[in-house]
Every structure is written in structure tokens, then in C-alpha cells.
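Okay, handing you the structure first.
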Amino acid sequence: MEFVQNFPFFSIILSLFAGPLCSILNGKWAKRVNLAVITIILAMSSAVLAFTLRTGDSYVYMMGHFPAPWGNEIRVGMLEALMAVFFCLIMLLCMIGGVLEREREIESTKQNLYYIMVNLLLSSLLALIYTNDLFTAYVFVEINTISACGLIMIRQNGRTFEAAIRYMIMSLLGSGMLLLGICFLYDLTGHLLMSNIKEQVAILNASGQYHMPLLITVGLISVGIAIKSALFPFHAWLPDAYGYSTLSSAAILSSLVSKGYIFLLVKIFYRVIGFDIVRDSKIINVLFVFGVIGMIMGSISAIKESNIRRMIAYSSVAQIGYIYMGFGFGTELGMIASLYHIISHAATKSLLFVAASGITDASGDSTDFFDLTGAGYRNKLAGIAFTVGALSMVGFPLFTGFISKLLFAQAAVDSYHKLLPALIALAVSTILNTVYFMKTVIRIYTPEKREVLAKKQYQVITMKDQKWKSAALVCFIAINLFFGLYSEPVVGLLERGLKIFA
Amino acid sequence: MNLANLFNNYEEAVAMILFGIGFSNLLLQKNLIKKIIGLNIMDTAVYLFLALKGYIEGRKAPIVVNGVQSVEAYINPIPSGLVLTGIVVSVSVTALMLSLTIRLYRRYHTLDLDEISTRLKKEGL
Amino acid sequence: MNSVILVIVVLLPFLAGALVPVLPFKNRRQMMVYVESAVLLNSVLAIAMLIAQPQDSFVLFRFTSDLTLSFRLDGMGTVFAAIVSVLWPLATLYSFEYMKHEGHEKVFFAFYVITYGVTMGIALAEDVVTMYCFYEMLTLATLPLIMHTLTREAILASRTYLYYSLGGAAFAFIGVIFILVYGSTPNFIPGGVLDLAKVGDRTNLLLLIYVLCFFGFSVKTAMWPFSKWLPQAGVAPTPVTALLHAVAVVKAGAFTVMRITYYSFGTEFLRGTWAQTVVMIPVIITIVYGCSRALKETHIKRRLAWSTVSNLSYILFGIVLMSPLGLAGALSHMIFHATMKICSFFCAGSVIYKTGREYIHQLDGFGRRMPKVFAIFTISGLALMGVPGLCGFVSKWNLVKAAVSSENPLAYVGIGALLVSALLTAIYMLTISIRAFFPEKGFDYSTIQDVEDPNWMMLLPLVIFTVAMFVFGLHSGPVLSGLESIGALMR
Amino acid sequence: MGALIILSAALPIIAGALLLLSLTAERRCAKGPAREVAEPSAQKLRVLHLQVLVILSISALLAMTAAWSGEHEITLFELIKGIPVYFHTDGITCLFVTLSSLVWLLSGIYSFVYMKHEGKEKRFYGFYLMSYGVLLGLSFSGNLVTMYLFYELLTLASMPMVLHNGSREAIMAALKYLFYSLCGAYLGLFGIYFLYQYCDTLAFVPGGSLNLGLAQGKEGILLLAVFLMILGFGAKAGMLPLHAWLPAAHPVAPSPASAVLSGMIAKAGVLATIRVVFYVVGPDFIRGTWVQTVWMTLTLLTVFMGSMMAYRERVLKKRLAYSTVSQISYILFGLSVLSPTAMTGSLLHVVFHSIIKCSLFLIAGIFIFQCRKTEVSELAGIGKRMPKTLWCYTFASLALIGIPPASGFISKWYLAQGAMEAGVGAFGWIGPVILLISALLTAGYLLPITLKGFFPGREGAGLSVENQEPVLRMLVPVAILAALAVILGLFPNLLVSFFSQIAGTVM
């Protein structure tokens, strides 16, 4: 066994222990430790990715001394490694981009608490990605929820508390269902390790036994995770949670936390139940329907919103709809499109949040749509970044959103019955996206009247004023262009990863 | 026949009913404390279910008292372990919820979530 | 010649345009020289390319293994590229004078030059994906040009434009995907690329997709019921409305529809189906609708914009006849309408620039003060009406020839619509001329004392276009035989 | 010889354009906001008149030479591939060239005096010359597209003459004229498109060149196309339902302009109809179809309606305009019955009506010019003041009514005879009856002027009897025309044989 194979385990443990470590440090040092941890994990994950690419296969890492089916396991393939690398990268950039806001919005005595949460979140995300054990997954789901809740409520005002508690309630509903589902699975198969469960499920399915319980189980798990990842109509908590928490929280929550759950769902589909059984269970049709409705409704809500942060948050609802629609096709192409969209949306949404904060900084910290007039001139980089993000969301060629739209459309054409609703939903949702995103872009490039400017005294922000944020924005734009222009290796990786995923 | 199955497995049925009660309480109650109670009922229902699955008629708990007996003497220990883990999780979640509730109560002097929402809208935050 | 030049003519304007706001020009003159020489250089290269006709394709880069951004020159691309490369330097020349009073020139010229590259990209795109990419880019590159004045009206107009265009693109995208999946290749091949074996029994589905795609792309040609944006966009500075909304943008829309119809789906597949009927009806409606709206409009540029709406549907009409002759007719109207409409827009622009008067009832007696401009305006009006001897007649003749020989009853209705539209065109164009040349008795000329013909920079393009209208009108043979040979490639 | 055709048509067009350009050039130098050119001195005016006269005569001479010296053809260049601008002379050409030269020359001479009170002479003569050139081009046209080209140009060139006086009414009338004519032209164009597809050639071939093999199964749309062409070209000839421009445009134009409008330009519609029906489609294709029936009905309705309206009209020039509406539809009726005799009658009526209506409008102009009288009721006792003019008027009127032996009788005779022998069913007798009624109405609206003019009765008691006869330059053209109106009726044989020969070749 090569040393590099230990890295997934190391990274989980490292971030898990970095959390408590932060509690004894002051804010500044906690920040440094946190950044260092994320960077190290990024490096390790990259090494793992390189390793898996080299071997071209996945491997199982046994935790402790108990072999399957008793022990706990980690399983690493290309897909997992890629996700880990990507999640670390985005998280790093989000943390860098939100430095200023954190200092401003979080009480100085609580600074280090924030980093505890981030570290725990990272470890739980990594665990969700890597683990091969269902119950471990459940535990980390809960850790994830708790730390995410912490991220929301760390900026202390009424809105965030309310958002946090709503988030908790919905999350707990979801995890209750997930837990029940896991229990059912355990009951049906007698295993907790994914690979073993799958063997048993295959036998059960072949013999036709327990058809109904199996169906209910798949349903419970899917719905549970759907609730947790804010699939329409379970999104009520989302706008407040994303809209009022501190910047890096919003960015991380929108781009990573929900994606972690979705990745877990993919894993359950492929590695626990078996995708063929899922497809036959018709549960994906339900996901498809809600995905499509979410695409439309999320955008409509976003159009009605006049707070830019909440608008971006609502857009997440729509984008998550895309991802579930991709699942709903029940084809490999659809799955690849969804996975790509997980990446693409994560990259874009965090970019949008950071850019939006740059814009609001230049508008007297107002998030109101009308105060943003001309902000693109006051903070040039943020304006450009927001435009890039918006274009990507609209699916403009050259940016990553285009590729995911392309993949979705190709997947749609591939599936006969869902073709028309999917395509029309894609088109309509593109139009709706255009409406609210480009409206904002035009707004920030409409010069404000002189009198208003004189009265409101907006700050002009250059790149030097906000070095960290600017650096993050530049990286985000680069990532966006990279995924837009050189998507092929990524898509190829996803394909190969998915093949050895099950 | 289905009804007979239901009666034979009445423990599981009870667990599910409890889960339903907890779930709907968590979802529908306005009062935050009642929601938390609902959460706990829901979790407990799942633990009950798990424990039931681990229990084998006529066997003992896997606690070694007079030397190790053969495996057949004990019930399945894994669900018990899971339940324990689950309890830890639910305790921490409950704690978090309660702390949040306290925060909100201090601010708004009410436990009604809808009331809080309307207040928030009035605050215009 | 090496096919690298294909990419150069597309990317050079991008580079040159992006440099405009960055370069430290000492004065306006330097910038003018820089912009004009960049545009001219590119046009010279483009024309050299058109003459050399490089046959190879050039792949700029690959999205995925089968999706590439690649360029190739073919007959139809030649036509569009020729229009664009000839008109752009002239329009640029005109806009120097015009933009004096608009301000923010650097930004303006930056996007103006970039748009050149984008339009070239559409003309030279080898496959449907490349075309779609440049099509989207066109929307974005022209958006700042419409917003240019930054008035409330302009912002509204640009928003409408954006929604319509990107919305249309969203539907067009569906068609693009279908071509990728059901076509044997994403490249453009005369006669279409649909793999009928793959299509199987899904003919109706594909027809539906074609209809969606047609509507999507024709949003840019301002077809009814998606025509609202074009007249609104008339708030942009005149060089923009003239060049972009009479030529580049709307023609790009028509061009893409041609590509989709003749080079991707293929007319053999579409001709005689319900899809043809479905797309032809709104085209015919637009022909009349655009004209009647023009008639109601009292703002001179908006009137011309509505006229564009109608004329663009002439082109679409040629396209939806789905015959080689129809394509030739559509292409000829594409060329000729560009000449006519840019000319009339420039006249209107001269009036607005020199006098600030924008409404038709303010133009009484202008013919005496601006004889050259109004003479040219009248000629362009006559050409639009289709008076023989001017180019409008020729293209209309070709369109109708195709319509008659298609023997499709709906096409006969279309001919009627063309003629109704010609009459309406006569009314809305000639009333302006008559007003200008023959004001009512007792008109007080002292109210328009300040009105003068503009200087040579504005007049030169006008004169060149006028000469072109006559040349095309009287000696269209070479052009037409070229176009017919393009049409003949179709099955 | 072919070059003569081009030269004769191009000369007036170029000369007219030069006149207009020189006007613009003069304006450029002129001071003041309006750039109003000072009224030219009498000297300059005389030079201008001389120029116009010389150009008119030279090109008339050239045109007549070209027309009467046998059949020629010349192809100028290809307008569109396969469709040249092509000129050709035949009998119809001779008729129209001669007639328009006559009308233009005489009206021209008349206008030298008349236009003094209208002003802006340079502009007027510019368009006057251009219209002449275009009309010659129209007459020489050898194929449909060339004809269409000149037909459109004719509208454009003659329109400014209508709005000459610049009043709101005149401008509206000019616009009306323009749009009706264009509407007609486009209806014609609709047909041309189809004929291009289904005819062997668009060049004029006596008897038509419709390819019946190609047209197999397409008769419906072709008949519709032909009908629309008839309707469209009928617009210029004032046929229902596109006649409304004529009563609006003629009265507001300066009298020489109304004279040529009514005399020749409205006949351009007739020319175009003849060309389409007898030289491209062929009369056999529409004989007995609904097209013929509807056409005949329309012409007869127009004949009747025109006369009725004229009868009710009080303003002299408007009355004459309605009369034109009615009279030209005589011609069209003759064409619509599709028989050689009726066609002979039509062609005769073309000649006679041109001459008569030209003279009548010129006379109306004299009334306006000399004593500012426009309404019929004001003309009581006019015979006392300008007896010569009124005599001319009387002769012309009698000819128009068709009192034997004046010219109108001959043409109407042929028309009626043609209608009866053509085998068009009920129209064979309805037609002549309506023609007769209309003739009575014509008498009713023309003759009272003569009567009141010479015998004002009690009303005329207080009227002055001073001599208001116009100068010779106005009177002579009128007199010539009136004389021709009578004389041609006395010696019609030459014309009749010429026209029946033409009619014979096409049917």
C-alpha cells in the first residue's frame, strides 16, 4: 500500500482535529490554521487524484482492524478525489474572499469559533465524499448540519437565527428520513457497508422479495436528502440562510454543503442500491418533476426578489433543480451532466456571492437592487466577476454554465419521454435566468445620477483595497473560464470515475 | 393477512407511528419547544426501530457477565451501537436547537416561529 | 492561402477593440485613425481571404472532442463576410463624425470593433456550435452599444433586447443540441446533415424542434411576435442602429436561420411539412405587420426600424420557401437590403446629428436645406419600394420567382404580402420625402435656418451606398449567378 | 433606328433632370433661409420656354421617326438575368407616341402663358419634360418589366406636377395619386411575377405567349393574377374600385398638367392593360371566364358612376375629371369585350378622348387664368366675354358626347357594335345601353355651360361683356385640339383601318 493512499483518511482526521485546536487559539491564529489545513488537504487530495488517475481504479481503505463486513471503510476513486480537490479549492477561495466580512460581522471573541465550524464542515464533507459506510455517512451528515448551522448563526442577528432554526428544522426532517431509510436498509440487508448492502439488494431484487420496502427505502433516502439539499419545495429556509449569513458562510453553504448531500445521494444510488434498481423504482421520476418545477419556480422567485443576495440564493434553488432533473433522466449522460453541474454551479455560485459582496461594498453595504446602480463602475473587478458569473448562469458559451447546459440538453435528447419537458424547462429557465441576472448586470452598469452619488457617498473600491477578495475573484473567474473552455478532461474524468464508482 | 402481519410486528408498527407523530410535530408545530419535542420523538422512534431489529427473541444483551458465551447467546450488538451513536447525535442536535431557541426567545420573547418571521419582516432586516 | 487567416479576421477586431480603451491616445484624432485603420486592415484581410477562398477549416480549440470552435469559408459565409467587411469601414467612417456629440467614445468604439469580429465569426463558423457561440457573443457585444446613451429609455431598450435575444438563443440551443445528436456531423453541409437513420420515426419531433429553433434564431431578425426589441433599440446612436440593426445583428439572425434550415436540418427534410407552414405564417404576417407599424410610427429611426422588421422577413420568406431559388433570393435581399437600409439609416442619422430633429413632422422643407441627404434618402426609399433599376426590385424579383415556382399556395399569399408591404413601404418612405421636398405652401424656412448638409465623412458613405444601389439594380447578373450557384448546392 | 428610340426618350428625361439640378444649383447660391430663387426675369423665362419647346419638338420628332419607320427593337441591358430592358415599336407604340407628342407639345405651348400665375416654372418644366420622356419610354417598352419600370417612373415623375401649387389639398391629392398608382402597379407586379413563370417570354407578342402546357392546373391562380393586373393597371385609368385619386388629383393640378394627366397619363393604364391582355396573356385565355365578366361589370359601373358624379359636380375641373373616369372606362369596356371591332373602337376612343379631354382641361384653365372662375355656376355669360374659347369648348363637348359627325360618335359606334357582336351574352346589350345613358349624361353635364355661357338669361344681365379672350398662345392649341376633335370624326377611315389592323393581329 502506498503512502498516498492514506491521504483521504489523513485529511478527514486533520480537519476534524483542527476544529478543536481552533477553540484554544485566538481568531487570527485560528484563521491561519484553518487556511493552512484547507491548503494541506487540497494538496493531499490532489495527490490522491493523481494517484487514482495513475492506477485508473478505486481502492478501499480499511479503518482499524476489522475487515468488511464489520469494519468501517473509506473508498476512493477518481470521482471522490476530484470532488475532494474541488471542494477544498472552492472552500479555500470562499474563505479568502470572505475575510473582510468575517472580521467585520463576527464578534472578535467568536472569531475562532467560526473556524472550528469550518474545519468540522470540511471534515464532514470529506467524510461524506469518501466514506463507504452508511451509518458513518449519517453521522457526518449530522455534523455537517450542525456546523453549517453554526456558520449561519455566527453573524448574530434575528434573521440568521431564524434562518438557522428553519434550516435546522428542515435538515432534521431530512436526516430523520435518511436515518429511517438507512435503518430500513440495514433491516433488509443486515449490512452497513455500502458494497455489502448492494450485493444483498441485488439478490433481493433478483428474487423479487421485499419489493415494496425497498421502494420505500429508496424513497425515504431520496426525499430526505432532497429536503436537506433544498430541492423545491423544501427550500423555504434557503434564501434567509444564504441571504443574511456572513459572506464566506453563504458561499460555502450554497456551493458546497448542499452539494455534499447530493454527492451522497449519487453514492447511495450507485453504490448502495444500484442505479438500475433506482431507475426502475420510478423515484427518479418524482425527482425529475420536482427538479423541473424547481428550475422554474426558483427563477421566478429570484425575479421577484429585490435583494441581490437573496436573489442569488433563489437562483440556487433553480440550479439544484437542474441537478435533480439530471438525476431524473436516469441515464449515465444525465448523471454526468448533474455531476458536472455540481462542479459548475459550485464554482459559479460562490463567485457570484463574493462578487455580489464586492458590489454591495461599493454601494454603502446595501443589498437593495436599486442601490446597486452603477456599482460596476465603482468596483470594477467585482462588476466584471459578477458579469462572468451571471453569464455563466445564463449558459453563455465560454463559461462553465454553457457546458453544463449542453450536457443537460444532450442528456435530455437521449431520454425519449422526458425530452420535451426537459428541453422546454431548460429553455424557459434560461430565459428566466437571463431576466434576473442580466437585469442586475445592466443595473450595475447603469451610471448613477450625480446628485444621488453626492448624497450617498459611495465608496470606490479598487483591487488594492480588497486584496484578498480580489485575488479570490480572479481565481474564481479563472476557474470558471477553465471549466468553460477545457471541460473535456473534466467530463472524461467524470465518465471514468462514474464507471468505477459503483 | 396484511393485518395479521401488522399485529405480529406490532413493535415496528408502534415505531413507525411514533416516527409519524414526531415528524409531523417537527414539521407542523409552531412552538419551537414543541418542535424540539417532536424531533426527539422522531429520533426515539428510529432508535426503537433499530433496537427492535437488533433484538433476537430469548437472547441476552451482549454484555459479558460470566465469561464469554457462544455468539448465539447474545443479541446483535451492532444496532445497539448505532442507537448509542444516534443518541449522541440527537442530543447534540437538540442542544443546538435549544440554544437557538433561547437566543430567539431572548430577542423576541416568543416561541412562535411564524410570529418571529413576521416580526423580522417588520424589522426590515 | 493558409486557413489561419480565417481566425485572424475574427480575432483581430477582438484584440483591436479591447485595446481601444487601454491605449493612451493623445487626442480624438489619433483614436479615429487607430480605429479606422484597424477596421480597414481587417476588411482588407477579409477581402483578401474572400478572394483567395481558403478551403481548409481551422480549429481554434475544442470544447470536447466533437464540439469545436472552428472556422471555414464557404459560399454563404462569403456572402455575409463580404457584406460585413465592406460595410464596416464605411460605417466606422460615418460614426466618427456622428459620435462626436454622443460621448464615451472609447467604450463605444471598443465594442464597435469587437462586434465586427463577432459578426465575422458568425459568417465563418464551420459548425453549429461555433455559430451558436458567436451568436450569443453578438448579443453581448452589442448590448453596450445600445445602452450607450445610458438614458432610461436606452436601459429599457437594452434590457428588452437582451431578454429577447438570449431567450431566443435558449430555444435555438435546443435545435443545436438536436443537430449534434441527430446529425452525422455538427459541420454545415449544403443540404443538411440529419442522419435519417438516427431520426427514425421521430420526424415530427424533429420538425417541432426545427420550429422552435427557427423561432429562436429569428428573434434576432425581429420576426413577429418577437419584433418589439428592434424599434426600441433605435435609441442607440445611429451608426449602431444602421450597421447593427439594419445589417449585422439582424442579418446575423437571418444568416443563422439559413444555416439551420439549409445546412443543418436540410430542406429536403423540411419542405412540404407542417413545419414549413408553421414557420411561413408568422413570416408572412411580419412582412405586413412591420410595414404597418412603420406607417404608424412618427419617429424617423423607429419607422426605419419597423421597416427593417418587415424587410428582414422578406429574407426569412425566401428562406422558408426551402428551395435553392429561395435561398438565392434570400441571400440577394440580404445583400441589397443591407445597402438600402444602411443608406436610409445614415440619412436619418445625418438629420438627427445635424439638427437634433427626430420626428417626421419636424422634417418639413428639409429637402431644400439638405438636398443631398434627402435626394439619397428618396433614392433609398425608392429602392426599398422596389422600383426597377434599383437593387430592391432585383431581390424582390428573385424572392417572388422562388415563391411562384414553389407552387405552394401559402407562398402565393406571401407574394401578396410582399406587394402590400411594397405599397406600405412607398407610403411611409415617400411621405417623408414629399414632406421634405414639397412643404406646404407658406412654409416658413427661417425655422430651419440651421439645417445644412453634413460634411464629407458622412456623405461619402451615403454616396457609395447610392452608387451601389444603382449598380446592383442595373447590373445584378454576376452577383445573382454567384448566389444561385450557392443555392444550387442544395438538394 | 433603335438608338432613336432611346435618344427620344432619354432626351427629355435628361433635360428635365438637368433643369431640376440647375434649380438646386441656383438655390445653393441663393441667400436667405428659404434659398428662394428670385422670380426669373422675362428674358430668362423666354429662354426657358424656348429650351423646353426645342427639347419637346426634337424628341417628338425623333420619337415619331422611330415609331413610324417600321418595326424596330433595341435591348438596352439586362435588368435581371434573362429580363432585358427592351424597346420595340409596333402599331400601339405609334398610336401612343404620336398622341402624347401632340398633347405635350400643345399643352406645352399653352402652359408658357398659363404657368405665369402658378410660378416655380423651372420645377414644373423639369417634371413636365421628364414625364414626357418616361411616357415615350413606356410607349416604346417591348416587354412587361420594361413597361413596369416606366410605369412606376411615370407615377413618380408626374406626381410633383399634381402638388405644384403646394396647398395642403394639392399635397394630399398628390399623395393619393401616388399611392393609388403604386397600389395599382404592385397589383400589376403580382401578375408579372406569375406571367414570368408561365409565359414563354415577357416580351410583347401579339396574341400573347402564355404557355398553356406549363399553366396546366394553375389556371385559377393565373386568372386571379391577370385579374389583379387588370385591376391594378386600371387604377391609373381610373377604373373602379381604384378610381378615387383621379377626381382629387386633376382639379388641383395646374391646367396643362391636368390636360396631360387626363389626356395621356391616365391612358398609360389603358396601354398597360392592352399590353397585358392582348400581348402577353392573350385574349383567348380570359375569354368567357369570370375575369372577363367582372372586368366588364366594373368598366360599365365606372362608366355610369363617372357620368353620374360628373353630372352632380359643380366645380368644372372636377366635373371634367369625373368625365375622364367615365370616358376611359369606355375604352376599357371596349377592351374587355375582347372583340376586334370593340378594340378598334377603344383605340379610336383613346385618340379622341385624349384630344378632347386635353382641350377641355385647357379651356377650363383659360377660365381660371383669365377670370378666376372654377365653378360651373360662375360661368354664366362667359360666351359674351370669350366667345372663341367657348366655341372651342362647345365643339369639343359635342365630340365627347358623340354627336355625329364629331369624333366621339365614331368611336362609340364601334364600341357598341363590337359589344353586340362579341357574343358576351347580356353584356352585348347592357353595354351599349349604358354607353347611351352615359352619353346622355355627358350631354347633360357639358352642354349647360355652353348654353349658360351664350345665353345667360336673366342672371347674365349685369355681367360685363368686356373681351377676355386669352392670348393666341393659349387659344391656338385649344383651337387646334377642338378642330382635330371634329375633323377626325369627319375623316376617320385612315384611323379606323389602322386600328382594325392592330386589333386583327391580336385576335
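Before moving on, here are some points about what is shown:
Each chain carries a letter (A, B, C and D) given by its place in the written order, and its residues are counted from 1.
Here, a residue touches a chain if its C-beta (ideal position, glycine included) is under 8 Å from a C-beta of that chain, and two chains touch if they have at least 3 such contacts.
The structure presented is a predicted model; accordingly, all values stated were derived computationally and were not measured.
With every chain reduced to the mean of its CA atoms, the largest distance from chain A is reached by D. Mean C-alpha position of chain A lies 43 Å from that of chain C. In terms of their C-alpha centroids, the spacing between chain A and chain B amounts to 28 Å.
Taking each chain's centre as the mean of its C-alpha atoms, chain B lies 68 Å from chain C.
Of all possible chain pairs, those that touch are A-B, A-C, C-D.
Listing the residues of chain A that touch chain C in their complex gives 391, 394-398, 403, 405-406, 409-410, 412-414, 419-420, 423, 426-428, 430-431, 434-435, 438-439, 442, 445-447, 485, 487-488, 491. Those residues of chain C lying in contact with chain A across their complex are 61-65, 67, 132-133, 136-137, 140, 143-144, 147, 150, 155, 158-159, 162-163, 166-167, 169-171, 173-174, 177-178, 180-182, 205, 212, 216. Across the complex, chain B is touched by residues 135, 138-139, 142, 145-146, 149, 153, 156-159, 161-162, 164-166, 168-169, 172-173, 176-177, 179-180, 183, 186-187, 192, 244 of chain A.
Interface residues of chain D, counted against chain C in their complex, comprise 24, 27-28, 32-36, 77-81, 83, 145, 148-149, 152-153, 156, 160, 163, 165-168, 171, 174-175, 178-179, 182-183, 186-187, 189-190, 193-194, 196-197, 218, 221. For chain B in complex with chain A, the touching residues are 19, 22-23, 26-27, 32, 35, 39, 42-43, 46, 49-50, 53, 78-79, 82, 85-86, 89, 92-93, 96-97, 100-101, 103-104, 107-108, 113, 116-117, 119-120, 123, 125.
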